[in-house]
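Think of it as A, B, C and D in the order they're written, each chain with its own count starting at 1.
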Amino acid sequence: MLDKNGIAKRIAKEIKDGYYVNLGIGIPTLVANFIPDGINVVLQSENGLLGMGPFPFEGEEDADLINAGKQTITTLPGSSIFDSAMSFGMIRSQKIDLTILGAMEVSENGDIANWKIPGKMVKGMGGAMDLVASAKNIIVAMQHVNKAGESKLLPKCSLPLTGVNCIRKVVTELAVLDILPEGGFKLIERAPGVSVDYIKQVTAGKLFADDGAPEMILD
Amino acid sequence: MLDKNGIAKRIAKEIKDGYYVNLGIGIPTLVANFIPDGINVVLQSENGLLGMGPFPFEGEEDADLINAGKQTITTLPGSSIFDSAMSFGMIRSQKIDLTILGAMEVSENGDIANWKIPGKMVKGMGGAMDLVASAKNIIVAMQHVNKAGESKLLPKCSLPLTGVNCIRKVVTELAVLDILPEGGFKLIERAPGVSVDYIKQVTAGKLFADDGAPEMILD
Amino acid sequence: MINKVVTGADEAIRDIKDGSTLMLGGFGLCGIPENCITALVKKGVKRLTCISNNAGVDDFGIGLMLQQRQVKKMISSYVGENAEFERQLLSGELEVELIPQGTLATRCMAAGYGMPAIFTPAGVGTEVAEGKEIRNFNGKDYLMEYAFDADFALVKAWKGDTTGNLIFRSTSRNFNPVMAMAGKITIAEVEELVEPGTLDPDHIHTPGVYVHRIFQGANYEKRIEQRTVRPRN
Amino acid sequence: MINKVVTGADEAIRDIKDGSTLMLGGFGLCGIPENCITALVKKGVKRLTCISNNAGVDDFGIGLMLQQRQVKKMISSYVGENAEFERQLLSGELEVELIPQGTLATRCMAAGYGMPAIFTPAGVGTEVAEGKEIRNFNGKDYLMEYAFDADFALVKAWKGDTTGNLIFRSTSRNFNPVMAMAGKITIAEVEELVEPGTLDPDHIHTPGVYVHRIFQGANYEKRIEQRTVRPRN
């Protein structure tokens, strides 16, 4: 079973040289720490930056330079700044090669719910609806089961949707799964020590796992 | 009867302090030479400049700095440069206070034709259709009659239209005329030495001139 | 030279009235019109509709206006980090319309570019799409979203000149240029007000034609919301 | 570091084929991709559809491609000053679609911004509106116009870095940034190619994400179409 860093590490392997990548808040942010050497990527922050660098050294924080999580960050050689309309313009026109974001639920046909829980204070969707509706390549980083032990990979999302039929790949603490164009989760890899049977047990949506799946290699 | 400079001079009197103005090619360009002292205006050139300055001194021409007529020009303190989409964005959103352009024909309901003569090589509408469709305040600088002595102020344009119901004021070699919201040319001023009767005679569109009109004062 | 300079925030916001619709630039607390907000709190105008990506924090930004119950409605993409906001929302004092961030930005741009509506895929198949026209282009569904209609846009720039030209610094640019284009009256506050000719025409982000009033802000706190740093090695 | 640099114009345009649809930046002869045009003439590709505000003059710009009869169709707002163009048009060899300049620019922007269509009042009530959907918003009629779909965009910038970031100089900016955003493959030629970190992130007009290939042009004539000067007093 993977911890958050493990999920991030596994997702980092999906990043190809030359990619422009948008990382959501939470586990997706951790992915930046695991990008392999020799893989050149540019991180987009949807508040208006391409080429997001690491956090600043203490004392060098700049109130004018933050990421979409409102954290102080830095630029890198080659960075560019633009306004919010252009930022979502490049998202909508699919110039971003890969989007990684978290989810509360994903359905077997690629729907995603990650912004609203009825009865709880709703903070808003931020840029998530734009990202999931536009991106050609979305990977979801999420927990396979909730605290009550219930599957979050469902036949149909129970929570209000963020986007429909848009997710292609899910990486959880237990597995890597593709979402098939015709519907259903296809087991691609298992986390170390996790059995196919267990994954079947905690995947409520349609699962294709009869061929088994290799254990993932993280290093 | 006014010459081209006279028409430009008369139109210049319509410019108010603080105006952003777009000048078309031909007589409208001449208007810049007659803007009264103390009247601050900013000239927009739709290829992407606010704050168009005079022609450069000889030897200081810059191939990268031209106006919409492709003439070498200069910038002024306060000038700004932008792309063509923003240029027409500010035109469409009516940030330009006054547009002055030429016409082949204008109709009594404010239609304008100035881009195409059937049977002749058509060079294109350039930015004229955007300007006439968007601007809140358009003055047309034109000849009252064509070379055959026929009126160009018509009940209905005979040439393909550039825009419909958009012109509010026309300044010709003979007169200043408003186009009334309900239709018709209202004579406002006569050029020096031109009679109301003559204007009636060469205005094919509906003309309201029974109250007479003062002779224009140019200086 | 056209001169847009006003004496300060109080004069700039003089005609913002109870019930006005405002756009406020900024992302989180980054690039917000601090001095205009202070003046609005002082003036005490009520029942405002605020179009802003976020709603500030309890004691800064739009949060200050919420404390004084000046806001009737927020139109935002994300409104976390604000307890008073949450209280007013749950009590029904405050109305909130949540819209996708890209839709928010593009509806501003549409207003500035004289486009009455735009098409975006954001929100298709979600509750955001309810009641909206859906249209298919090339096999993909889009929502038609309308340009915003705001009485005032309040933006914050780094430098500006007296004719209203603006330059933004780093990610404090965010929504400011698109809102600057979109206000019926656009008020710009700047950290440094300079004479025309000081700014390179090629570097100007917002041409002065979009700006109606400009002033140098008396004070900038520029608060940081999430101070994240790394150790020196 | 992502590196978009190609050796020169010939490599940059290597996969432009007979029948390709190209966008070419520039206004008149100002800011045109001179080196790409030279390479296209040399390569001799035919039946091109060219989206460009103008069509050059007889012996410069797109005019050079017209001389070689490489252009099947021009989509432009104004095509004067070109005798060979006129000859081909009248003989039926060349197809021309004239569209309003703002519509041209905004259809490029729409492509770059992922908006399948936009609304503009330009052309309502004229022959430009024929066959197009007209829609009324707030009492005013607008035409719905579609985003362009171009295989390649060829743009010319002043400076660019190896990651594709571009800065334009003065009014040579014109259509270049909106076309840069709109090409499936965007090729940028620059007067000066610099290392990443040289250009101020706040000054970049076209972020590198939009640019697929970049090179420093071997030669820039930068011809002036209308040399207008005033006397020194």
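To be clear about the criterion, contacts are C-beta pairs under 8 Å (C-beta built on N, C-alpha and C of every residue); 3 or more make two chains touch, one makes a residue touch a chain.
As the structure is a computational prediction, the values presented were derived from the model and not from experiment.
Enquirer: Touching both chain A and chain D, which chains are there?
Expert: C
Enquirer: If we define chain centres by averaging CA atoms, which chain lands farthest from chain D? Would you check?
Expert: Centre of mass proxy via C-alpha means gives A as farthest from chain D.
Enquirer: Decide which interface, B-D or B-C, involves more C-beta pairs in contact, and give its chain pair.
Expert: Ranking B-C and B-D by C-beta contacts puts B-D first.
Enquirer: Let me have the rounded angstrom distance from the C-alpha centre of chain A over to the C-alpha centre of chain B, please.
Expert: 56
Enquirer: Could you please state the distance in Å, as a whole number, between where the Cα atoms of chain B are centred and where those of chain C are centred?
Expert: Their C-alpha centroids are separated by 36 Å.
Enquirer: Need the CA-centroid distance for the pair chain C / chain D, whole Å please.
Expert: Here the centre of chain D sits 33 Å away from the centre of chain C.
Enquirer: Express in whole angstrom the distance between the two chain centres, defined as the mean CA positions of chain B and chain D.
Expert: The separation of the two C-alpha centroids amounts to 29 Å.
Enquirer: Counting only residues that touch at least 2 other chains, which ones in chain B make the list?
Expert: Chain B, residues with two or more chain partners: 49, 75, 81-82, 85, 88-89, 91-92, 134.
Enquirer: List, in ascending order, every residue of chain D touching at least 2 other chains.
Expert: Answer for chain D, listing residues that touch two or more other chains: 106, 113-115, 120-121, 169-170, 173, 201-202.
Enquirer: When you check every pair of chains, which ones turn out to touch?
Expert: Every pair of chains meeting the touch criterion: A-C, A-D, B-C, B-D, C-D.
Enquirer: Residue numbers of chain C touching chain A in their complex, please.
Expert: 27-31, 53, 76-80, 86, 89-90, 98, 100-106, 108-109, 120-128, 158, 169-178, 205, 222-232
Enquirer: Quick check on the complex: what are the chain D residues that touch chain A?
Expert: Against chain A, chain D makes touches at 1-3, 111-115, 161-163, 165, 181, 195-197, 201-202, 204, 207-210.
Enquirer: Would you tell me which residues of chain A are touching chain C in their complex?
Expert: Touch residues, chain A against chain C: 45-49, 54-73, 75, 81-85, 87-89, 91-92, 111, 121-130, 133-134, 160-165.
Enquirer: What does chain B use to touch chain C in their complex?
Expert: 18, 20, 40-42, 44, 49-51, 75-82, 85-86, 88-96, 134
Enquirer: In the complex formed with chain C, which residues of chain D make contact?
Expert: Within the complex, chain D contacts chain C at residues 106, 113-121, 137-138, 140, 142, 146, 167-170, 173, 201-203.
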